[in-house]
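Sending over a structure as structure tokens; questions will come in a sec.
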Amino acid sequence: MTTVPLLTDAEAARIPAVKAVFDDIRAVRKSDFINNFWRALAHDPVALQRTWDQIKAVMIAPGALDPLTREMIYIAVSTANACSYCVHSHTAAARAKGLTDAQHADLLAVIALAGQTNHIVNALQIPVDPEFDRSKSHA
Amino acid sequence: MTTVPLLTDAEAARIPAVKAVFDDIRAVRKSDFINNFWRALAHDPVALQRTWDQIKAVMIAPGALDPLTREMIYIAVSTANACSYCVHSHTAAARAKGLTDAQHADLLAVIALAGQTNHIVNALQIPVDPEFDRSKSHA
Amino acid sequence: MTTVPLLTDAEAARIPAVKAVFDDIRAVRKSDFINNFWRALAHDPVALQRTWDQIKAVMIAPGALDPLTREMIYIAVSTANACSYCVHSHTAAARAKGLTDAQHADLLAVIALAGQTNHIVNALQIPVDPEFDRSKSHA
Amino acid sequence: MTTVPLLTDAEAARIPAVKAVFDDIRAVRKSDFINNFWRALAHDPVALQRTWDQIKAVMIAPGALDPLTREMIYIAVSTANACSYCVHSHTAAARAKGLTDAQHADLLAVIALAGQTNHIVNALQIPVDPEFDRSKSHA
Amino acid sequence: MTTVPLLTDAEAARIPAVKAVFDDIRAVRKSDFINNFWRALAHDPVALQRTWDQIKAVMIAPGALDPLTREMIYIAVSTANACSYCVHSHTAAARAKGLTDAQHADLLAVIALAGQTNHIVNALQIPVDPEFDRSKSHA
Amino acid sequence: MTTVPLLTDAEAARIPAVKAVFDDIRAVRKSDFINNFWRALAHDPVALQRTWDQIKAVMIAPGALDPLTREMIYIAVSTANACSYCVHSHTAAARAKGLTDAQHADLLAVIALAGQTNHIVNALQIPVDPEFDRSKSHA
């Protein structure tokens, strides 16, 4: 169930701005599979283009973090935000990028521990130690 | 401001179960600094011991993920949970483990992108593609 | 799946306090449709009455904001809280009050942008500029 | 720093609808102290009255749960929502209603455990067992 | 749909570390039913053991709070975190421990009120009254 | 306290990519004031440019929603996410765009009501009525 329509390939083919993004997703990912996220976003071709551009810049382009590490960070945020679809789709993406069962287990352990201590800290309302401040660290 | 007292070293020294954990934190971290999280948790020596044991097992012991990756995942969860103290303390921990400015910038970009798409997905209520299911994947 | 029973019309008819609210919902909305939210809340007639009274006061009675704007704000909160049912029911309500596809796309863009910057700010832990304070603004 | 003014007693005295609620808060609580929550809400006398009425009905009036249990549930929700003010004010309220150090420690342990398992479950995306369904349990 | 396999009893029987925990769960709970949470966690026997040990220590062992109160706190946290599975499983657990319909209604009323005031406070950004501070309360 | 440095104007002037964005912010907003959000983001000129471009496209450019409505939606998301800085800065922005006290009071009432019902729904785990589905609504 969605709050917007999910575009089929036939529908996407009739909107050039959508077809162009779908084609690029398939080319970049070397796969014919277009997951529901893009079919839902396609109801707004401008948002579709903007979001795909950002995914390419942040998740795919070379950077200081490797692609698998980025996927694990993505899963961590999505878990804390209770975004079911995001957890499913990015766990699949992480596996496609080489996530092993042992790494997945470690990832879950860190997420679970952070969830626990986040709640402890919020319940105790602990003041931040001044040692952690970086606001004046540029010289 | 806290909802429990923050134990000073003098107070901790009078409670053997607390002193033992503080001593172990200092030995494991090779540093005399005990941050406020532990001083607050010390009001309950059992919880203090249980939490420190878990931190050692999940964040410090060798595993499938390296220590810096674990800290970045921790920061990601804490950011999504709006846990100010946790973001500050684990960003400091990540820096101590070698996080560079470029890696920090990448980490922030992934967290921000996940925050954005999590909200898009929650607003669109997109059904999970069956391709992402792993519940029957064991053979 | 629910944690309380969903009352059918036949069951509601046997509890005067529930029947009275269901009748009022139908009269105010000029529709026979009672959505599951009310059928679930009906397990506690006092909560049912209190919640419906508040909905009427805050969402339906004339005020400084028009009904469609209120629905969009409601969707925004429900999205950030990952409340699937709420996003679905209030997106339907917004459409019934005239939300166009273009307005929906704009709504989603603002929600997504706010989700992104909320995460950036939480990760950077930026102090509030004193220019934004209003605690002393009454004269 | 606030986004609305905090009303002083002198200012409250000039608005009859606000003064009436402040007087009732003092009478019900048998204390002259009006905490900042009410001074902030006072910028909207209708919301002030509605919220105070609800607090009295849900937190103070006799019911199936005792007042201390209700405060602990309130703290639990506020912790998960990262509402700093709410955690502080309701921990103080719980203490005023008899919360002991040992009960506070137990409360924190349950909150922390729930925070941990909530994250595990969200990361694993576990389907709800049909045994937990109550939607058809009324006979 | 899950991100890890759900172990059947036959599969669990082949992994001694998993079988041992499943046996203990059945013995402690005096029931043959193993809910999906444990079947999912079983993909990582170390996490399975650690989590079950924590559940026993925090939720089952005698303490300052009675078992039903702990379950209600658990439900409160899980509701605020939008953890669907957790709300279902712990509402069932609370009922098994004696939660009445009237207590459930009261629990929901407190959770809903806290959800409401948490949002008011976060929107008003109210500063914590110094009267609520306990950081210096030990003498 | 921040996890990255806050750039002063003098420091920003030495980095052309940062100076260009700061100049554009001042020109677009017709104000010399650069709030801390931009001074913090400036540690990563690429993220600074990308975020400012998005703010201009989503919050400032003409669209289907007027600028004040967009700011109210932004406040709603930021409140639910407990992002203190975001609530402060966008409440100030909304006031600059004409938000009246009466509109602010209405905004807060809707946010609070949504917070309340979000929690009720999450606690009751109500299934979405099929009437709300739009996944097949395109013809």
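For reference, chains read A, B, C, D, E and F in written order, and residue numbers begin at 1 within each chain.
We take it that contacts are C-beta pairs under 8 Å (C-beta built on N, C-alpha and C of every residue); 3 or more make two chains touch, one makes a residue touch a chain.
A quick note: this is a predicted structure, and the numbers were derived from the prediction, not measured.
Annotation of chain A and chain F: jointly contacted by B, C, D, E, touch as defined at the top.
Traced through touching neighbours, the fewest hops from chain A to chain E number 1.
Compared with chain E, the chain whose C-alpha mean position is the greatest distance off is F. Across B-C and D-F, the chain pair carrying more C-beta contacts is B-C. Centroids of chain A and chain C (each the mean of its C-alpha atoms) stand 27 Å apart. Between chain D and chain E the centroid-to-centroid distance comes to 20 Å (mean Cα coordinates, whole Å). Averaged C-alpha coordinates put the centre of chain A at 34 Å from the centre of chain D.
With touch defined as above, residues shared between interfaces to two or more other chains in chain E number as follows: 1-4, 6, 47, 51, 54, 77, 79-84, 87-88, 91, 105, 107-109, 111-120, 122-125, 127-128, 132-135. Within the complex formed with chain D, the chain B residues making contact are 1, 3-4, 43-44, 46-47, 51, 77, 81-83, 135. Chain E contributes residues 75, 79-80, 82, 84, 87-88, 107-108, 111-120, 122-125 to its touches with chain F in the complex.
Taken in their complex, chain D has these residues touching chain C: 1-7, 11, 50, 54, 57, 128, 130, 132-138.
Those residues of chain B lying in contact with chain F across their complex are 82, 87-88, 91, 101, 104-105, 108-109, 112, 119, 127. Residues 1-4, 6, 33, 35-37, 40-41, 47, 51, 54-55, 58-59, 63-65, 69-70, 72-74, 76-81, 83-86, 88-92, 100, 102-103, 105-107, 109-111, 113-118, 120-129, 131-134 of chain E touch chain D in their complex.
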